[in-house]
Amino acid sequence: MAVRTPDPHPDWEPGDEPVVQPPANPGWLTDLELAEVRGRLPLLYVEAIPVRVDGVGQVTEVGVLLRANAVGEMSRTLVSGRVMYGETIRDALFRHLEKDLGPMAFPLLPASPVPAAVAEYFPLPGISPFTDDRQHAVSLAYVVPVTGTCEPRQDALEVTWMTPAEAASDALSAEMEGGRGVLLRRALAAVGALT
Amino acid sequence: MAVRTPDPHPDWEPGDEPVVQPPANPGWLTDLELAEVRGRLPLLYVEAIPVRVDGVGQVTEVGVLLRANAVGEMSRTLVSGRVMYGETIRDALFRHLEKDLGPMAFPLLPASPVPAAVAEYFPLPGISPFTDDRQHAVSLAYVVPVTGTCEPRQDALEVTWMTPAEAASDALSAEMEGGRGVLLRRALAAVGALT
Amino acid sequence: MAVRTPDPHPDWEPGDEPVVQPPANPGWLTDLELAEVRGRLPLLYVEAIPVRVDGVGQVTEVGVLLRANAVGEMSRTLVSGRVMYGETIRDALFRHLEKDLGPMAFPLLPASPVPAAVAEYFPLPGISPFTDDRQHAVSLAYVVPVTGTCEPRQDALEVTWMTPAEAASDALSAEMEGGRGVLLRRALAAVGALT
Amino acid sequence: MAVRTPDPHPDWEPGDEPVVQPPANPGWLTDLELAEVRGRLPLLYVEAIPVRVDGVGQVTEVGVLLRANAVGEMSRTLVSGRVMYGETIRDALFRHLEKDLGPMAFPLLPASPVPAAVAEYFPLPGISPFTDDRQHAVSLAYVVPVTGTCEPRQDALEVTWMTPAEAASDALSAEMEGGRGVLLRRALAAVGALT
């Protein structure tokens, strides 16, 4: 099965310019260059678990993306994407939240830059619980309350809202790509929402 | 100098009823009972550092309370108070934020119950950086973004908003009661706002 | 079923003197006094999940206590106990580790005082995942690598070592008292050992 | 002043082979390739603050490296280095600790993969407190107790042991390259050693 981390290339749009902007935008990589670099360096990703919280900050619902890949297979995933050259982690997180949840999600980014969980994706299984057959990627994962309306854009078909218990279930884990069910559980645990 | 943690007694109001409500509210302690228990057990407190954040969650301002004690001495402190019998940490945090910042502060409580910092207050100095001459108290401290208007109630005279750098300065630390300048720095560090 | 947090009374021994020692040790509570205070205040506890780690710090085994209660029922639990008046969290953690694992466990206490997880135990179920029919207790839980030999003392019959996956299993959770299976999962998640 | 993050090239040694080993080691980059990639992608680093702890895990001393750069300027820095393709964060951390502190330091890597602090280094100042004129690097920083003898290798001239208060002082911060004084303070705060 082809597990996949959302490709940084398609999500590049005019509004996504990173903070530091050297001439001719060297942070933009052609498909060929990206393929080349993927076999040479670990790539830095951010991932977000969108949640809804009640009046005292407790997680009541968890948003999981449903996505179809290039060959039409459906899988569940998290908000996820690459950190570009010159871009801060916060800006990358905000950009990918907007890309995957639409402009009206109104995410409340965490004050802390320290992630709720860290996932290391390797092309080969067995090194960690996480795999990505395209690359070695290290992902910083954050739990992000959203207060608005989520309307998935691009290739995300749907955001499914579920209880923390459903999100942490074996059934859902089995549907998630690249081992992200484990990441989801760890992140829910970090916010006291794993039972 | 008389350092003081806000006394749980005065802040007890009808709207503050804890979640578990046994007959005749045994969680309410008379001044005498409280004095008695304070020499026997560590008391559990919550503290909050109210902050304002920008669109990507970064702390831009920190709120510090200015308070006068019984003999008219002014000192700086944090939102702080005791966890009552039967009350959750979240409910205690919300109650004390409302008590100290007013009902229109609209605090966004953290999704995570794990505190940004832990402070151990002892009657005698030297055991930790924190002292409270009335009691041994253990405080779980959280950084809490507020989105509304803060109007201090009770004995807090004012909320002073300052930059994270000012909040972490030696000058401010010297004004804070019970060693809370250290707690403030640790909590700011936890959210990447200590420079 | 009578869930129980280890009683602070039996574990009081001469060597356990807290750091601050006021005259006649007011931190020592008679059974009657303890019963009285338990209905009035949340009690502060520490809990420890003893683990064995490999050369790069990764958790390989988790230690769970097997204990018989007063009526001979067996249950699984964690290293757990009350923080005494005048005692630091670290000293309490060390004291209870020694009490439950013996003097040759050589625990490596975490540098950070911020717990891996926080559990709130209430007498009534439904407020949190954690219950303790004797009291309202708030517990700070830490993951503690041990490097020596564990020989349970007192009423702990045995330390069972298991893989992180076994420790996080539904089967084990069902055997753990007071909802500590949830606490164990959250703490394992915090150290990247939940799969 | 030329601030510098230790160059991944010189620390590459036969024993450092990453876990995943594709043909001809594509994770090894020539100087030219590294220069090329540095302007296109954020590079992933790990940093370690070596500490000595007492019997209850409290930080008593902090190790800071003294180093001379290519033009003979002295500066203070932390244990630091790049994560290679196919290498886990833990393995990278262990490799760089051994590189900078020698083989007898016996570091106790944290059980948790979640860093104590995250630093984002940009070529241009002002985006974050951290700068690196060669590249955009994101660094995951860990506090690592060491139990053995530290003998700096390579270009690190010396490990200076100091109290946490000295390590967090303005004087030391001013000597540290790339803004690492801020990172040091944040990491010390995370382990309750910032006063």
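Chains: A, B, C and D, in written order; residue numbering restarts at 1 for each.
Rule of thumb we're sticking to: contacts are C-beta pairs under 8 Å (C-beta built on N, C-alpha and C of every residue); 3 or more make two chains touch, one makes a residue touch a chain.
Bear in mind that the values here come from a model prediction, so they are computed numbers and not experimental data.
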item: Copies subunit B and subunit C touch via same or different residues, half shared test; value: same
item: Copies subunit A and subunit D - rotation angle from C-alpha fit, nearest 5 degrees; value: 180
item: CA centroid of subunit B to CA centroid of subunit C, Å; value: 27
item: Mean-CA-position distance for subunit D and subunit C (Å); value: 35
item: For subunit A, residues that touch 2 or more chains besides their own; value: 88, 113-114, 116-118, 190, 192
item: Residues on subunit D engaged by subunit A in the complex (per definition of touch); value: 19-20, 22, 26-27, 29, 33, 37, 39-44, 83-89, 113-118, 120, 122-124, 127-128, 136, 138, 140, 190
item: Subunit B residues touching subunit A - in the complex, by the definition given at the top; value: 51, 53, 55-59, 88, 90-91, 93-94, 108-114, 116, 143, 145, 190-193
item: In the complex, subunit B residues that touch subunit D; value: 117-118, 129, 182, 185-186, 188-190, 192, 194-195
